[in-house]
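Here the structure is laid out as structure tokens; the discussion comes afterwards.
The chains carry the letters A, B, C and D, assigned in the order they are written, with residues numbered from 1 in each.
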Amino acid sequence: MIFGSGVLRSMLITLKNFFTSYFKGPEEGGIFTVEYPETRLPEKERFRNFPFLVYDRNPENLRCVACDICAKECPPKCIYIVREFDKEGRPLKRPAVFDIDFTVCMNCGICEEACPFDAIYMDHEFEIAGPERQSRLLYHKDDLLKSNEYFHKIRPTDATAIDQQRREAEEKKKAAAEAAAKAKQPD
Amino acid sequence: MTPEEIKNKIQTALPGTALKWVRDTLLIENPQDLPKVANFLKTSEEFRFDYLSSVTGADYLQYLEAVYHLYSMEKKTGPFVLRARVGRDQARIPSLVPLYRGAEYQEREAYDTYGIIFENHPDLRRIFMWEGFEGFPMRKDYVQEDSEILEASDIEWLEKHQVQVPEGMKKRAEELKKQGRRAVAERPGQPEPQ
Amino acid sequence: MDTRFPSEKAYPFDSESSVGMKTEKIFSMQTLDQIFIIAKKIILGVTGHFLPDWACLLTSILISISAIAVLGPFTMMYLTLLERKVIGRMQNRIGPNRVGKWGLLQPFADGIKMLTKEDIVPLEADKVIHFLAPLFIVMPALLVFAVIPFGRNMTAVDLNVGLLFFIAVSSTTTIAIFMASWSSRNKFSLLGGMRSAAQMISYEIPMVLSVVPVIMMAGSLSTNSIVEAQSRWHGLKWFVFTPWGFLGFIIFFLCAVAECNRSPFDLPEGESEIVAGFHTEYSGMKFALFYMAEFMNSFTLSGLAVTLFLGGWQGPFLPSWIWFFLKTYALIFVMIWFRGTLPRVRVDQLMGLAWKFLLPLTLANLLVTGFWYFTSRPVRIAGSMVLLALAFWILTKLNRDVVPEKRVYHFAE
Amino acid sequence: MEKIFSARDPSALNTETLEINFGPQHPSTHGVFRMNIVCDGETVVSLKPVMGYLHRNHEQIAENMSYAASMPYTDRLDYFNSMSNNFGYSLAVEKLANIEVPERAQYIRVIMAELTRLVNHVSVIGFLLNDLGAFFTPVLYAFREREKILDIFEEVSGARMMCNYFRFGGVKYEIQPHILQRIKEIVKKFPKFLEEFEALLSKNEILCMRCQNVGVLPKELAVSASITGPMLRASGVDYDIRKVDKYSIYGRFKFRIPLGEKGDVYDRYYVRILEMHESLKILDQALKDIPATGELVSKKMAPFLKSPRNFKPPVGEAYGRVEAPKGELGFYVVSDGTPQPWRYHVRAPSFINLTILEDMCLGHKIADVIVILGSVDIVLGEVDH
């Protein structure tokens, strides 16, 4: 081995890459840069960024019942929920305040897992940068609300499966209620 | 070799050491015996526990504990766990650095977080916290300044930036301000010791 | 009074005034070859009508100076772009592509950014020297442009000791770098300065010695005469095609890379070790001046290597200045290629390479050149190749510590 | 003159040592890590590492929340290999609560852990070359390959780096056949890339000059200083937890453990390359044997996925360790029967591997310190946990 041959060989590798970068695609070892704003990587279905709240049909009809489980489970404690009360002071099954501090949230997806009402899911939206931290990244209830159709759009597989489950559960409930009603009627 | 046999072997080799069986691990009742036992385990041909995997402290309210996980790289056996208990006020355990170099930073970490003083350690300083930090953060009685309870100045700032602050928080902050206290975390009810 | 420079007197096509050249000749090869000279002469012809002779001479000098003053920074600006593009391609990236088409306006954007940045001077710094160092480093880099023959008759000043001038002036860079490092009051800067002093002084010696064979064969220190000496075979009888020339070229080029602090010898600024070396404490335009000096140095040193070993502006078919720039940019490409590939050497290995390897090799090369000079063709080619191979082999055997060890790796089941 | 030379003994040159603070803001300390270096000229006389700039008391955070909720926090320990960290933590808790992991989940775990090892080793070599002064070329070649694997992670777990994919008793998501197919393709193409990578680096004289016989770590010191991972094996000690403990299903695969000769930087570099080849072997076998269907989480743990607070392991303690790419990653968990661990301790490999940094660096040049630190392979998220 001549002294210096190793250096020459490694220089050949870079030269080869210099030329292949003009001809080959990213799969064969060409340029793998994605020129971001113009071209984007395909969105992965399971990609999770920040959470959002799902509603059915209209925003009044949101699934969240303000049970506070996600707020308790959230590892960095970024969710803050206040339950809504009606005029007589009875608690309603919906949140009055639902804030998520996106500066604290770490996109772990525990809230999604823990939610027993399928109300909170992880969003694909990631371009949320803004000029001001506190006002821009503290998301309130209105900012978080998104329709079930949107959920279907970003995560079709999960959404259909969950819809199926919900429908089944509802039918079961209805059947149980009917059965209960039937059981009540005879007397 | 079962742990029970190892215990018997140690007791025959080193008479006078008080050993006790706690949760499948060997408690050395007098912490001063620790280097003796470790040295025996490391050098004896039978065991050859030459690799100290982990050193850590633990706080059990009445006492502090140092836990040592020993393995043998030569014989590929282990783990064999040693533990030593010391009182909260005179937490002094002889250092294992002369035997296992790998204990150096781990003992410093245990000192930093639990305040266990390792005697004869070559360089026992805080490792993660800064010099002059008071208290030992991993002890169960350590009270941390709480960032979740807002102080009056925080609320002022938040409201200036159009953030809704719930009434309860405001009330609490005012109370704190009246008492001239800072916000400290409330600890949950203390669980029962082992 | 004759306002022409001595070099221009030797111009073979000068019998007729180029200003009054016939139209059919204007687009010939020779015109293209001499286009810059003709342009200069037109300006001088116009100004000559209403200016006294001394002013004409001054104008002539000023034209050359302003040409260099434009060329230097312009080269530097586009070298940065070239470097970023080429290295980007080597790393399978695109490189700058946002400012202008293919990023062609990137250098201007960078320049504007540099100019608008805050100029920070450390509190404890020696302010005068800290201010002077960037100037002192750019000056020699610009000065040496004077003796580079960019094309036929295109040498700003044809000194008869041009080569000596080049080497003497370019070595003053060390002082500027040391000024920068010492005045910053920063330990990283100081280390960078120390490294730089050691490195520059050590590499100067093999560099000068590798040039000596060329001087021996060309019999002159003037850069123009050296180029003329390589003019046979239709301008292809370059010195690099001889054994001693080849070795001299390699050594000269390696030393040139070390002289202008470029990878793999970029220890004075080695960013992974000493942050940014001697220019750690510089910001804004002062920092840009250091970069400018580095890139201009790499341009002039490549130009000198071309002049000495690659036949300068000699070459068939194309105009002379195109040949010069082609060759120079080819060498700069190699420098960039080095930077894209190689890791940095350590300071002791760097010194070892200079003193224990390159210096003896240049001395052997000197001997071989003498042998070549006094023997006839079949003997001299074979003989000098054998001698050089022998020298190389002995030196690699003597420098065992740098030769890679063979390692055997075992596997445990 | 007298001050500089003492007249009697010309060798007794009066020199002063120079004290340099490397970091916390330094381009190649791999994060916010500081070294107080005293050097004589450029030779290191003493070196004291200072850490804790990224300290967040990970252990206390974990002690104040449910077992499952600290899983995403383990991602942040060694943010290059979140899958291995998940693996270690779930192993410890599974030992504590005596949970069986279903077959298919075991295979998925092994596949993910080995892909992580590829990601880590390939980028560590790239960073090492950056520390050596190469201008990002090896790093970017490494990242070209890493990108493909991270895409897989994203598709499987939903995140590229902070995967949070493992659950006690299994894994979180199903892995579809087309993803397995893509992993197979990556595994098939990877040796070609490694070949190119080696041609670029292994025989390069400058790399050999810089790495060979630098930062030598003798066998005895390595064992006594609890060094683990590729660094230990580069010193020639045959100890790989995948072989010793045979945790998960590693006992089923055929692979070898590469051992270094001298324990210098070059050996550490080359052992990593060889380990990647072995990882590819494991991946090959795992991808062939993985059952097509099967449950992902054991039946015992399935109800706790929705309600992590109800998961209360029995009173006891467990020490789970895995062979993470950086070394032995151990989790020591003590349960008191409540939903929160009473004691949670991380044995961070890159933290303990730093113990002998000074011993390796003494007598070398400043430039070597950076290279040796690079070859130790630290991630400050783990060092400062």
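Note that contacts are C-beta pairs under 8 Å (C-beta built on N, C-alpha and C of every residue); 3 or more make two chains touch, one makes a residue touch a chain.
All of these numbers come straight from a predicted model, not from anything done at the bench.
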item	value
Contact-graph distance - origin subunit B, target subunit C	2
Per Cα centroids, the chain farthest from subunit D	C
Distance from subunit D to subunit B - Cα centre to Cα centre, in angstrom	24
Separation of subunit C from subunit D, taking each centre as the mean of its C-alpha atoms, in whole Å	45
Intercentroid distance (Cα basis), subunit D paired with subunit A, Å	29
Subunit A-subunit B separation of Cα centroids, rounded to whole Å	38
Subunit B, residues touching no fewer than two other chains	none
Residue list for subunit A, restricted to those that touch at least two other chains	3, 6-7, 10, 13-14, 17, 29, 32
Touching two or more other chains - residues of subunit D	137, 141, 144, 200, 203-206, 208
Chains touching one another, given as label pairs in label order	A-B, A-C, A-D, B-D, C-D
Partner subunit D, residues of subunit C touching it in the complex	87, 90-93, 187-188, 190-191, 194-195, 263-264, 266-267, 270-275, 339-349, 402-405, 407-413
Subunit D-facing residues of subunit B, complex	23, 25, 50-54, 56, 58-59, 67, 69, 73, 76, 79, 81, 99-106, 109, 113, 126-130, 137-138, 191-192, 194
Residues of subunit D touching subunit A in the complex	65-66, 68-73, 75-76, 137, 141, 144, 147, 151, 154-159, 162, 164, 172-173, 193, 196, 199-201, 203-206, 208, 305-309
Footprint of subunit D on subunit A - complex, ascending	3-7, 9-10, 13-14, 17, 26, 29, 32, 41, 44-48, 69, 72-75, 106-110, 113-114, 116, 122
Touching residues on subunit D, where the partner in the complex is subunit C	18, 20, 26-28, 42, 129-137, 140-141, 144, 200, 203-210, 212-213, 238, 240, 243, 256-262, 266-267, 270-271, 274, 365-368, 370
